[in-house]
Amino acid sequence: MLMLSNIHWVLLCTIALGALSGTVSALTYWKNQSLMSDALSHAVLPGVVISYMLSGIKQTTFMFIGAAISALLASYFITAITKHSKLKADTAMGIVLATFFSLGLVLLTVVNNMPNGQQSGISSFIYGQAATLLKQDMQLTIMLAIIVISLILFSLKQWRLFLFDPHYARLQGLNVNRFERLYLFIVVLTIVIGIKAVGIILMAALLIIPAAASKYWSTTLAQTIMLSSLIGASSSAIGTWISTQGHFIPTGPMIVIMASSMFTLSLISAKCKAWLSRINLKGLS
Amino acid sequence: MTILSALTVNELKIAYEQKTIVNNVSLTIPKGSITAIVGPNGAGKSTFVKGLLNLVPIQQGEIKFFGQSYQAVKERIGYVPQRADIDWDFPVSVIEVVLMGLHKTLKWYQRFNSQHHHVARSALEQVGMEAYINQHIKQLSGGQQQRVFLARALVEQADLYILDEPLVGIDKVTEKIIIQQLHLLKEAGKTILVVHHDLNTIKQYFDHVILLNQELIAYGEVETTFTPHNLKHTFKDTHVIVGEPYAHA
Amino acid sequence: MYFTWLIIAAILVAILCSFIGCFLILRKQALMADAISHTILLGIVLAFLVSSSLDGLPMLIGGSMAGVFTAALTEWIRHRGIKNDAAIGIVFTTLFAIAVVIISVKTSHVHIDVNHTIMGEMAFIPWELVSVFGLFEAPRAVVLLVIAAIVVFIICLGLYERWKVIMFDEQYARVIGINTSGYNYLFMLLLSLVAVAAFDAVGSILVIALLVTPAAAAYLWTNKLSVMLILSTIIGACSALIGLLLAWQWDTTMAGMIALVTGIIFTVSFVLNKFRRIA
């Protein structure tokens, strides 16, 4: 077994999560569902609390399952609202986000009034607390990240078809419905395992920013995924490292700030590139 | 009759939320023909075509391609959708778009090999886009984009090609190339069906026409079907100059 | 007296949010409201650092500016080719993250507590009494809410017809000479004002719940804007009242309970409406 200290495992874990979120962010961005990640992230709360209430113990696996079920239910409700009423997607997301999260908060106060409530570990889901992850949870996270990223890269041509032109994909024989479910499953999985590290509120950031940052520097989906994954991983690594340097610096927000900085850099350098090429053209003519 | 027809439609009805978009359409398209579907805006032409391809649900009716159901002969039908439906920002290169047409020849774990690339490249040469092979699609003009999508349809080696408004918003060069390619396909025995918007070019480009305005007004050979009388009925809510001064409803 | 002011505050917040929420969902900007309700935290924190006080005015200014800044920054990023959803997401998560870092590092010894700002807890409403026109005293938060309500009602009702045009067909509005961009920012300013006024009492999540859900529920029942506005405020006020009572009954978070009740009322409306359409 690798003789790594706990800090190293935390670092590896957040890097794996960053890479995974980055990869998945490419999918959500090009599927036009960036903010769905925010809605689903908030929607895991009641699931986490209920599974704690049912199991009575602080068991990460149970809470993961509860979180996943909660998020999947939320996604179902959002789709149902937009399909069966005149309300639009943004409104549906707002309703489900607020209702689910408030349900979670209400149940949370019930839990906090229970005997062992304060040790439920639920708040680490809300704010993210990478340092409290157990070693086997981290190893599981790293393994899952590697598996999911490999799966996506291996079936890249299907993803390209599915995201670019779903109607045409259907005509080409792709099972579009199955891919929709697979996509949702991957997003929920990423949210569930990522939330422990960065918390509910900032999870959306990791599923949105890397893809946007990579937009200016990639022309194919493969490049987008690789660059997003890199940006996710490095911002996680740097953010985690910075937060270990000071006393009160929280990890989650630091990672998000790193990712945004990379986005800003990407945007500015793209503008410079465009500006330079315009000057070059003017010089030539 | 079945052997000679590429497409037979019987009492097709498509509705959406209590609103009928296509009503009781029955027609036949012979093999080897190049047919235009025309009608005013909102006539249901696009919806009709999507209904044929099972992209929208149909309320009633029978659709037969080459005498069989769509599912049975899916591989023999090629589709070029409207350009408006595509996100042109999407990170994909020209060659990658064309390769999509070959998707159904592969299993999910297989990759595109050099032969696939060769086929894709040939199709791009046919439409004059081989120089743009690795470019991002957003760097292309409207006409160039349309040609790439035609190339994608060409690699499908279909027997029936369905195109939705392919000549909208494109340059003259592209229009010539596309019509040229479509006629080449027709000469090779393929059947072409085009949702078309420009009444002035019907007689020049097509040999059959379908006049649609939610209901079927007429269909058949251009000579006998594309008449002022039928056009008046199709476009009865708009003013159409058909060689008579101001043909009112 | 405490409980009375609590009820008044809750109903005020509910009416204020449910009212402007109608315009919000018709403009399809529910998620922008979500974003603003998070970013005003940064505005408030910066206002605190600059003015060294948690008084009403700096908070109001800081929060409102943050809200408008959010909208402006999002627009700027969108112009650089990023999709709308993603632009909103980038801006609000970043600004919120910055706020959390500043709070953790600089102000960990002061009252601003991230927990509270998200979940709010109505028990912590700034209860310092201020004098109103020298006539009587009311909690600062309530006074702030009343001011916000008056401003919002006057502006919304005054610009009613113009906003209807913009909401229905923005391009047409622009063509006939309406300054859609200006009105958009004005709306964002009002939204931020509401968010700040409500925020101190009830935290981020409840603000979103009250902004979006009652209006959505009302929208299911009617197609007329005037009816929708009235219905929405009624639903909002009822949610506040019922939510408070239930929270006291079951000893749970008041803000959370009110938000939950809005969700329940929406669900009932949704289900009933489905049956109405089938029938």
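First chain written, first letter: the chains are A, B and C, and each begins at residue 1.
Note that in this section a contact is a pair of C-beta atoms (placed from the backbone, for glycine too) under 8 Å apart; a residue touches a chain by one contact, two chains touch by 3 or more.
Every value quoted in this text rests on a predicted model; they were computed, and no experiment measured them.
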Considering only which chains touch which, label the overall pattern as line, ring, star, complete or other. line
Pair of chains joined by more contacts [C-beta pairs], A-B or A-C: A-C
Per mean C-alpha coordinates, the chain lying farthest from chain B is C
Just give me the whole-number Å value for how far the CA centre of chain B lies from that of chain C. 49
Per the centroid of Cα atoms for each chain, what is the distance between chain A and chain C, given in Å? 26
Could you give the separation in Å between the centres of chain A and chain B, each centre being the mean of its C-alpha atoms? 40
Where chain B touches two or more other chains at once, by residue number: none
For chain A, residues that touch 2 or more chains besides their own: 32, 215
Specify, in ascending order, the residues of chain C that touch 2 or more different other chains. 81
Would you mind writing out the residues of chain A in touch with chain C in their complex? 29, 32-35, 37-38, 81, 84-88, 90-91, 93-95, 97-99, 101-103, 105-106, 108-110, 113, 126-127, 201-202, 204-205, 208-209, 211-212, 215-216, 246, 248-250, 252-254, 256-257, 260, 263, 267, 271
For chain B, which residues are in contact with chain A within the complex? 50, 53-55, 74, 77, 79, 81, 85-87, 90-93, 96-97, 99-101, 103-104, 106, 108-109, 111-112, 135-136
For the chain A and chain B complex, residues of the former touching the latter: 30, 32, 154-155, 157-158, 160-161, 163-165, 167-174, 215, 218-221, 223-224
In the complex with chain A, residue positions of chain C that touch it: 25, 28-31, 33-34, 38, 77, 80-83, 85-90, 93-94, 96-98, 100-101, 104-105, 108, 114, 118-119, 205-206, 208-209, 211-213, 216, 219-220, 250-253, 255-260, 262-263, 266-267, 270, 273-274
